[in-house]
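Two complexes are shown next, each including subunit A; its partner changes from subunit B in the first to subunit C in the second.
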Partner chain A sequence: MGIFKEKEGFTRRQFLKGSAILAVTVVVTGVFAKFGVDIYKASDDYIAERAQGLYTLDESMAIRRSHKNPEIAQIYQEFLSPGGVNPVSEKAHHLLHTRYGKDIPALIEELEHHDENHAA
Partner chain B sequence: MSEVKGKVLKHDQQTRMMHWVHLVCFTILGLTGIAFYWDINIISNIFGGPANASLVHRWAGVLFAAGPAIYILLNFERFSKFIDTITNFTRNDIGWLKTMGGYVPFIKAEHIPPQDKYNAGQKILGGLIITGCLLIILTGFPMWLWRHTLPAVFLSACYSIHFWTALIMILLVGGHFFLAAIHPRSRVEFASMMMDGYVDAEFTAHHNESWFNELQKVE
Partner chain C sequence: MSTVIAEGVIRVTNNCKACDHCTTICPTGAINGLLGQKHHIDPRLCVNCGQCLINCPFGAISDASSVDLVRQALNDSNKMVVVQEAPAVRVALGEEFGLAPGTNVKSQMYAALRKLGFDRVYDTEFTADLTIMEEGTELIHRVFNALGVEGFESSGPLPQFTSCCPAWIKYAEDKYPLILPHISSAKSPQQMFGPVAKTYGAEKLQADPADMIVVSVMPCTAKKYECDRQEMIASGFKDVDYVITTRELAEMIKADGIDFLNLADEDADKFIGLSTGAATIFGATGGVMEAALRTAYEILSEETLDKVEFEAVRGLAPVREATVEIPVKALGSRLPVHVCVVTGLKHVDSVIEDVLAGRSKYHFIEVMNCPGGCINGGGQPIRRDTY
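Right, the complex of A and B next:
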């Protein structure tokens, strides 16, 4: 019974093709990475410009802090925490600290019970 | 040619080892990927739940990339020969494609031209697998390592490319498995790649005549 094998060594054409595939892999990886870096930079630049825009808008506002807003203070004094400005009052907690997604039905139920308890 | 006796060493030890590593990694990657893409808990529970399946997917991905990379570095000669073979399309390959090697029932295949170490179908598969692996590896790592810093549009493109490439690869590998392990005309190839690396000389002389004529008898 004979055993057959490939001849040892490789030709110049085989070497060049193997090298070319590796080179193409490196180039494709590089182009892909460059693409990613460019998008990252563009996104970063956009975020910086957007932030600057928001800061510029903010600077032009007459009232720049919510706790210095007389209307907010009035809402607290007259409704959310009668007699004073108390941001963590029970009513403020229940009305302003809201929930989202799957918690909404539970929140509605809690608010309804809260109203019932207060009505009683 | 049909009376040739003996064995042909088609795949050496390191090639078989690399193929095994890739096979195991690909299976794990495919299963975990399907599990958490379609939220199939039966599969992800095999790996200890969705979170662990995700972790296994990432580290299997590292092996999936490192396996061939190490193989190429240690076996550049063999890799170059492989690339040369799968990129070398001759009239014989065109002839094989016209008859689909006799594998498709409704295509007449009275004469199938002599083939290289890999037939035309295997050559195309090799090219697609290499391209697919590269795309999957290139898009996979940003999704893992830089998901908090990269813009959503880039990550979204990575997810789409990763998913569709993986889906095509799973179909290709399924076809590859069928022809290499189940189809009665070619299933002897399975033992060659998965076990000792040898194929019957008679089979090789018939299926890979061009390549067989270039081999040397060592014993």
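Right, the complex of A and C next:
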């Protein structure tokens, strides 16, 4: 009877089979994990590269401060606040500022009648 | 008032494989759908940011297009068609022509727009500078009001939030109406450009504003929604007529067979086209803040900065904060200005709740919907190679 009794523990064949499955699992998981990490990294990389593009362009510009833009000074002096550079002037407020949420219907009403009010 | 315009500008097409990826991307939880069924977008919650569109692995989400209307205007000889381009467009447009992300193609972009038939090529960076003048002045007034300086009693409360991002504005209007008095009343650079072009620009061109068409090239799908907002009529006309994205501009350039990479360098047209480095960085998260600090520091201190970079507000972390000490000449004291930069609407709720509860120490808070800022907007070239 003893000749049909299986040996205790792992056979060499079972051991090889087990370790092969383990090895394949590790490799496959690793490849997918690497894939995932790459996607994550790649997606951040292009954002950082575009940002760097803007910062490099900024460094190359002759003028790097908004208030030193000569066309900005010109539009205030000639149009938005004649004679000076005065932000939030009446005209600047009309053209360049807005309102939000429940204040919008009143703003639309004012804008639609702006010309009449100013003619009057 | 509801800020919903029709169905919004973002649509799910029949290519949707119901993979659910977009629902993890959406900052407002606007996308839903059962497993295995085509998803749909709730326009009441959608902020039109297009993050789902650029992140969809199947390219199954699209945005409303005005390209045909722009072509029509370009072909109409009675129309004076002028164009503005956002800062973020110039460092991403090249990707559609095989260049690396971040390559500056500003000069070729101006040249390509003239080849497409635009009568005048200006730059949104000009109105970004104008935004800094208006929004920065508003901030200074709010700070003076909080310090009890006489003459600024009509100024709004602190902290002041930025107002450049239309997705953020819609989110605040829909979800946090109580925060609205804190948002700068200054329009976004795109919406400042429209009325400026149709008043001051029309005067300079001796054109009838009724015959002017203002087109924007934007890295953003929410800008399409913003230009259609009903209150954007300060010029007496619709301020900005059409918005096309960076992707759509690339398609137009390709459709016309323009050899983009070999175009000679050109400049923007004058009067409303000159830009500065401060305006350029608007396209990256923290850029509006940095540009505002450069100007606020110099105007308040009456000194010139040796180093214009404020590294503390740069980076890609979702929430960043910094304190800048400004010697305010008019007050004769140093004022510590606390600022905060938020990128990604998913991270803004706790910042807003602190403000509403009176716990916020900040003076100025920049909010941009898209992670990384406009350079990663929903209208930018799609990086399919990352999937």
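Throughout what follows, the second predicted complex is superposed on the first by the 68 of 120 C-alpha atoms of A that agree within 3 Å, B and C clash if a C-alpha of one lies under 4 Å from a C-alpha of the other, contacts with A are read in each partner's own complex, and residues count from 1 in each chain.
The definition used in the following text is that contacts are C-beta pairs under 8 Å (C-beta built on N, C-alpha and C of every residue); 3 or more make two chains touch, one makes a residue touch a chain.
Predicted model, so just to flag it, every value in this text is computed and none were measured.
Looking at the superposed arrangement, the partner reaching more residues of subunit A, out of subunit B and subunit C, is C.
Once the two complexes are laid over each other on the shared chain, residue contacts for A:63 go to subunit C alone; subunit B is not touched. In the superposed model, A:29 lies in contact with subunit B only, and not with subunit C. Using the contact criterion defined above for the overlaid structures, shared-chain residue A:17 touches subunit B, although it does not reach subunit C. In the three-chain superposition model, subunit A touches both subunit B and subunit C at residues 39, 42-43. Against subunit C, in their complex, subunit A makes its touches with residues 38-39, 42-61, 63-72, 74-76, 78-80, 87-88, 92, 94-105, 107-108, 111-112, 114-115. On the subunit C side of its complex with subunit A, the touching residues are 1, 3, 87-88, 90-92, 100-104, 106, 126, 128-130, 132-134, 136-138, 141, 163, 169, 172-173, 177, 180, 183, 185-187, 191-192, 195-196, 199-200, 203, 230-236, 270-281, 283-285, 287, 291, 294-295, 298-299, 305, 308, 314, 316, 371-373, 375-376, 380, 383, 385-387. Against subunit B, the residues of subunit A that register as touching in their complex are 1-7, 9-11, 13-15, 17-19, 21-22, 25, 28-29, 32, 35-36, 39-40, 42-43. Residues 4-9, 72, 76-77, 79-81, 83-84, 87, 130, 134, 138, 142, 146, 149-151, 153-154, 201, 204, 212, 214-219 of subunit B touch subunit A in their complex.
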